[in-house]
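The data blocks that follow each hold one structure.
Here come two complexes built around subunit A, the first alongside subunit B, the second alongside subunit C.
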Partner chain A sequence: MNVRSQISMVFHLDKCIGCHTCSIACKNIWTDRKGTEYMWWNNVETKPGTGFPTAWEDQQKYRGGWELQDGKLRLRSTSKAKTITNIFHNPSMPSMDDYYEPWTYTYGDLFNAPEGADQPVARPISQVTGEYINIEAGPNWDDDLGGSPVYAESDPNLKNLTPDQREQLFAVERLVFFYFPRICNHCLNPSCVASCPSGALYKRGEDGIVLIDQKRCRGWRACVAACPYKKSFYNWSTGKSEKCVLCYPRLETGQAPACFHSCVGRIRYLGVLLYDADRIEEVAASPTDQLVDAHRSLVLNPRDPAVIAAALANGIHESVIESAQSSPVYKFVKEWKLALPPHIEFRTLPMLYYVPPMSPVMAHRDETTVGGVSEEFFHDIEDSRVPLQFLANLFGAGHQGKVLYALKKQKAIRTYRRAVTVGDIPMDVATAMLREADCSPEEAEAVYNLTSLCTFEERFVIPPMHREEAIEMMRDPLEHKGSTGFGFMESPRRGL
Partner chain B sequence: MTIPGPFILDQIFLVVFPYVSVIIFVLVSIRRYRREAFTFTSLSSQFLENQNHFWGLVPFHFGIITVLLGHLVGFLVPRELLAWNSHPIRLYILEGSALIAALLTLVGLTSILLRRLTDPKVRAVTSRADWVVLGSFVVQILSGLYVAVYHSWGSSWFAALAAPYLWSLVTLQPDISPVASLPWMVKVHMTSAWLMIAFAPFTRLVHILVVPNPYLWRKAQVVRWYTKWALRRGSA
Partner chain C sequence: MHPAVERSSRPWSHSPSRCAFRVREGWRHVALPGAALWALCVMLPVPEMLAQDVSVDFRNNCQSCHTIGGGRLTGPDLKDVARRKERSWLIQFIQDPKSMIDAGDPYAQELVKASRGVVMPSLQGMTRLRAEALLDLIQAESQLSRSQFAGTQVSDRPFTPEDVEWGRRVFVGSLPLKNGGPACMSCHTVQGFTFFGGGTLAPDLTTVLERYQGRKTLSAWLSAPQTPTMSSLYTRAPLHSDEVLAIVAYFQSTLARNPDDISPARLNFILVGLAGTLLIMGLLDVVWGKRFRTVRRDLVRKKRLEIAHE
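Then we have the complex of A and B:
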């Protein structure tokens, strides 16, 4: 057992209100520079929808992630043999057209236009060329277009849905959609890291954050092509690739990442997971229908004495183990099995999990209100407005079982809480539902608490990063304190 | 006062230039790597224009690498090369492939130039240094092709004449007599090559110095431990 710790995340999709506060918080801190205007390290997509970059989930087109070939993991976009040719021209590289051309407006014209008969206007100009442009796509271009024939119907997750199921989704005037906020998943088997010809990408041993060494990146663009989530971006101005850094400077000082901190819906949870690094490859190569379980089995119980001993032996600090013991992520993923990894079939083993959304499921297509309690408690889930298969394509590698389990449990907990607080549902019905959903009343209360009443400290259990100890090994901490910065003092200027 | 004769010019272009260029190349590259490692990148523009990129960059790189390797072989093993060329068939095969590689480079360079000139997004990220690089490639490739076509069997006379000249530079006993009588176009080709070496470290050409070598034998995943790294640094 090779125990490592990983800062992991859960997004509770039922709680996301699609306000994009997270995206803006991130943009203001990290990608407000030349060459990064088009990047959204955090973005919020409407599902069904095509997302950003357009149809990123379609790996026929983007060739991201891993695939199994004779039981062996292979990168779809590259290989050792192909690096040489891919370096001159990467055939799997998306271009700016797949994202959008960033623009601003000629605001100066509003003030400087000569006097005339018409009001002056600010025209859009490209932030790349400075020329006037016709805006054809933008960030979050299909926001809330749940029923649109152009965007929603092109969602790659609809591929194996029956016409009837599709109709469910797009019933006129009763459209249904939900939000899907995304950041880098800081995967355990990151394809971006594996693809980099320069070895510039790495996973931090202590906390698992995946970073790009800006000094070693040579702009070969392999990571952009290899990341199936398209969360590595090419800075067209500096000629370096960049990605979500999980706000590590904030984490190192005990603050939640900006997108987490600012989340209005409080949908985000962050905490440590301990996992067995020796099993990564084996798990990533599991058969598709076992991937979710295998991925979950990598996560170790932080209270198990054997795990604790192995963790200590691996140099994991006691305080990190303690932090892992109160991790909200551990509860959602391992204890309650409510949170599922997105597109686990890409085989990068993402460490950001999603609680699948209940609301669009409960809005049954034949009823106008949230589904009531009937003889078959859970019939409406299988007959829901958002077909189960659609959610299964997102969170279950196409297999419905795990998603159904999470939805049933959520529904049972809702019914149970309604029986407790409103009382219009008989308690025996509620407890019967809980039983059938593999949930005890205590667990239901715990889920309810962490979902609805959670405080800041409960949502973000940030482990101490102990950078100070590493610094002490190198130099006088007091001297260091006065001279810290981003690590190097060179301006990120484009070379000639 | 006499006007410097061709001999003096040859000395400047073929003896002074090489030494000055190589010194500039080494010193500036090291300094740039130490001070501005951030600027060592390919500055790829594939993200901004993804179609014509293929038709420019792929033929250009394959062509130029083959051509440069050819020069290198002539420099390293001139005798073996001459022996190979002693059979006309083998000479034709070698010269033919060299010519194809050179033409490939020309095709690539032409589409690179057209792309840079016509695509507004790519033009927006093109610096003056890029034009200097492209311009010198035009000179280099056109002069090289001219020599290949009009002063035939270059692979043989390169091994017989240019290789001794280059070795004389390497051994610090510069002797231009083997190349002194070569046609002026060959000298243009050589002089502009030395010039390119001199300004390469100021341009995007530095990406040649950082081609990805460890990739072929490293493990797929890379993990960096801050604490272990600090321990090593601390004890060092």
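Then we have the complex of A and C:
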């Protein structure tokens, strides 16, 4: 057992209101420089939709992530030989058009235009070329199903849905969508790190944050092609690639990353997970239907004495282990099994998990009254407005089991809480449903508390980063001993 | 014995050389890279010419245009030149002919006219001492009944088709030069000649015989070529007198052609270049056939078409 610690995340999709505050918080801190205008380290997509860059989930086109060949993991986009043969042209490279050409407006014209009969307008200009442009796409072009005949209907997750299911997704009065905020997943088996010919990408040992060394990056952009989530971006101005840094300077000072901190819906949770690094390769190569379970089995119980001993032996600080014990992520992923990794079939073992969304209740109308279609208070999960298979393609590698489990448990907890607070559902029905969903009343309360009443400190359990110890490796803490105080710039004169 | 052959028997180190490379046997078969390397040699810094035997000096630097008692070549016969003009003028002229011509010296102008506008090249490292030694040599040789510099004995026999064919082979390099020099085609071309034509570094030689006023002058020039590029190549690997004859025979055969005709060689070059470019591009398209192509634009275009059909 090779125990390591990873700062992991959970996004609770049922709580996301799609306000993009996270994206703006991130943009204002990290990507408003020249060359980064088109980057969105954090973005919020509408599902169904094609996202950013367009149809990024379609690895037939983008060739990101890993695939199994004869039981061995291989990068889809590159290999040692291809690094050489594709040295002048990487055939798996998305172009800026697949993201969008960033633009601003000639706001000055609104004030400086000469007096005339027409109202002055601000025309869009490209932030790359500085020329006037015709805006064809944006980072969130299909927001709230905008342009859905083109974008939403081309969502790669619709691929194995029946025609009926597809139709109902877009049928009037059934039509539904949810939001899917994304940042770098800081994967356990990152294909970006594996693909870099310069060795510029690395996964930080102490917290698992994946970073690009700006000094070593040579702009090959292999990481851009290799990341299946398309969360590594090329800065055309500096000639280097950049990606989400999980706001590590904030984490190191005990603050939550900007997108977490600013989240209006409080959908984001952050905490340490301990995992077994020895089993990464084996887990990443599991058969598709076992991937979610295998991935979950990598996460170790931070209260298990054997795990604690192994963690201490590996140099993990006691305070980090304590932090792992109160990690909200551990509860969502391991104890409650509510949170699932996105597109685990890319085999990068993402460490950002999602609680799949319950669809809005399906209603029908008889003459004068509006009622639910289900006999139960909430709709039947199998008959959700978002087809189960669609969610399974996103969060279960195409297999519905885990998604069904998570949704049924959520429904049972809601029913139980309804029985407790409103009382229009008999308690025995509620507890029976809880039992059926593999949940105890205590667990239901805990989930309810962490979902609805959670405080800042409960959502973000940030381990101490011990920079004060790390800095000693680079600088002598006694460097300035005896050389500060009075009398150094000007010696005091004696006497009156 | 012909002076060129005699010279070639000298050890390399004694021969004045502008080239840092030694001629290798195999190179004469490789016309084009050879030419490039030779051109490189010419660009290398030139060391100060070493003091040397004055008759060697004359042979290397004067003989291709002048004789002593052998009649006019490109330049005048130098027999008794001292009687025609005072010594100080001659020394000044030898050291820097161009500036004297440019200064409008009447006798110098006359000389240029007589040699059909060919200006005597200024020789590098031509000191006053060297010029004086040369003049002394000319005076001494003028006294002899037959000077060793009375000119190459060029055979007067009419050229045979065999001479022309031999000359052609020497020109294109299919017959290596006896002393290992590079083939003419490395840098020169003549009209109506092979698929791609010859080299384009140096002038077209179709009517060179006419420019050099006949067989005798051209033969003398070829025996010890004086332009900077050619002298650096052929001083250490001179043409054999038989080869000179054959080449001149070949140039006589090309006189009938018009150097201003548009050569099919140039057209061939452009066509083959175009075809090659297309071929390489096609090949790259096949190799990278499964490359990433635009996603969003395709998506929008296809969906628009679909919707338009409905």
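As a working rule, the second predicted complex is superposed on the first by the 450 of 496 C-alpha atoms of A that agree within 3 Å, B and C clash if a C-alpha of one lies under 4 Å from a C-alpha of the other, contacts with A are read in each partner's own complex, and residues count from 1 in each chain.
Following the convention adopted for this analysis, a residue touches a chain if its C-beta (ideal position, glycine included) is under 8 Å from a C-beta of that chain, and two chains touch if they have at least 3 such contacts.
Everything numeric in this text was worked out from a predicted model, so none of it was measured.
Chemist: Determine, under the contact definition given at the top, whether A:T54 touches first (subunit B), second (subunit C), both, or neither.
Modeler: second
Chemist: Which partner does A:P149 reach: the first (subunit B), the second (subunit C), both, or neither?
Modeler: Second partner only, subunit C.
Chemist: Does the superposition put A:M93 against subunit B (first), subunit C (second), both, or neither?
Modeler: In the superposition, A:M93 contacts both subunit B and subunit C.
Chemist: Return first, second, both or neither, reflecting whether A:C19 touches subunit B, subunit C, both chains, or no partner chain.
Modeler: After superposition on chain A, A:C19 lies in contact with neither partner.
Chemist: Who wins on subunit A residues touched, subunit B or subunit C?
Modeler: Counted on subunit A, the partner with more touching residues turns out to be B.
Chemist: In the superposed arrangement, which partner chain does A:Y62 touch: subunit B (first), subunit C (second), both, or neither?
Modeler: second
Chemist: Contacts for A:E131 in the overlay, against subunit B (first) and subunit C (second): which applies, first, second, both or neither?
Modeler: So A:E131 only meets subunit B here.
Chemist: After lining up the shared chain so the two structures overlap, which partner does A:I29 touch, if you call subunit B first and subunit C second: first, second, both or neither?
Modeler: Touch partners of A:I29: none, neither subunit B nor subunit C.
Chemist: So which bits of subunit A does subunit B touch that subunit C touches too?
Modeler: The overlap between the subunit B and subunit C interfaces on subunit A comprises residues 89, 91, 93-95, 97.
Chemist: Taking the touch rule as given, give the residues of subunit A at its contact with subunit C in the complex, in rising order.
Modeler: It comes out as residues 50, 53-55, 58, 61-63, 89, 91-95, 97-98, 136-137, 149-151, 153-154, 225.
Chemist: If you look only at subunit B, which of its residues touch subunit A in the complex?
Modeler: Subunit B residues touching subunit A: 35-50, 53-54, 57-58, 60-62, 120-121, 123-125, 127, 129-130, 202-204, 206-207, 210-212, 214-216, 218, 220-231, 233-234.
Chemist: Taking the touch rule as given, give the residues of subunit C at its contact with subunit A in the complex, in rising order.
Modeler: My answer: residues 288, 290-292, 294-297, 299-300, 303-304, 307.
Chemist: Give every residue of subunit A touching subunit B within the complex, in rising order.
Modeler: Against subunit B, the touching part of subunit A is residues 80, 83, 85, 87-91, 93-97, 101, 126, 128-131, 189-190, 193-194, 196-199, 201-206, 214-221, 224, 234, 236-240, 280, 315, 466-467, 469-471, 473-474, 488, 490, 492-496.
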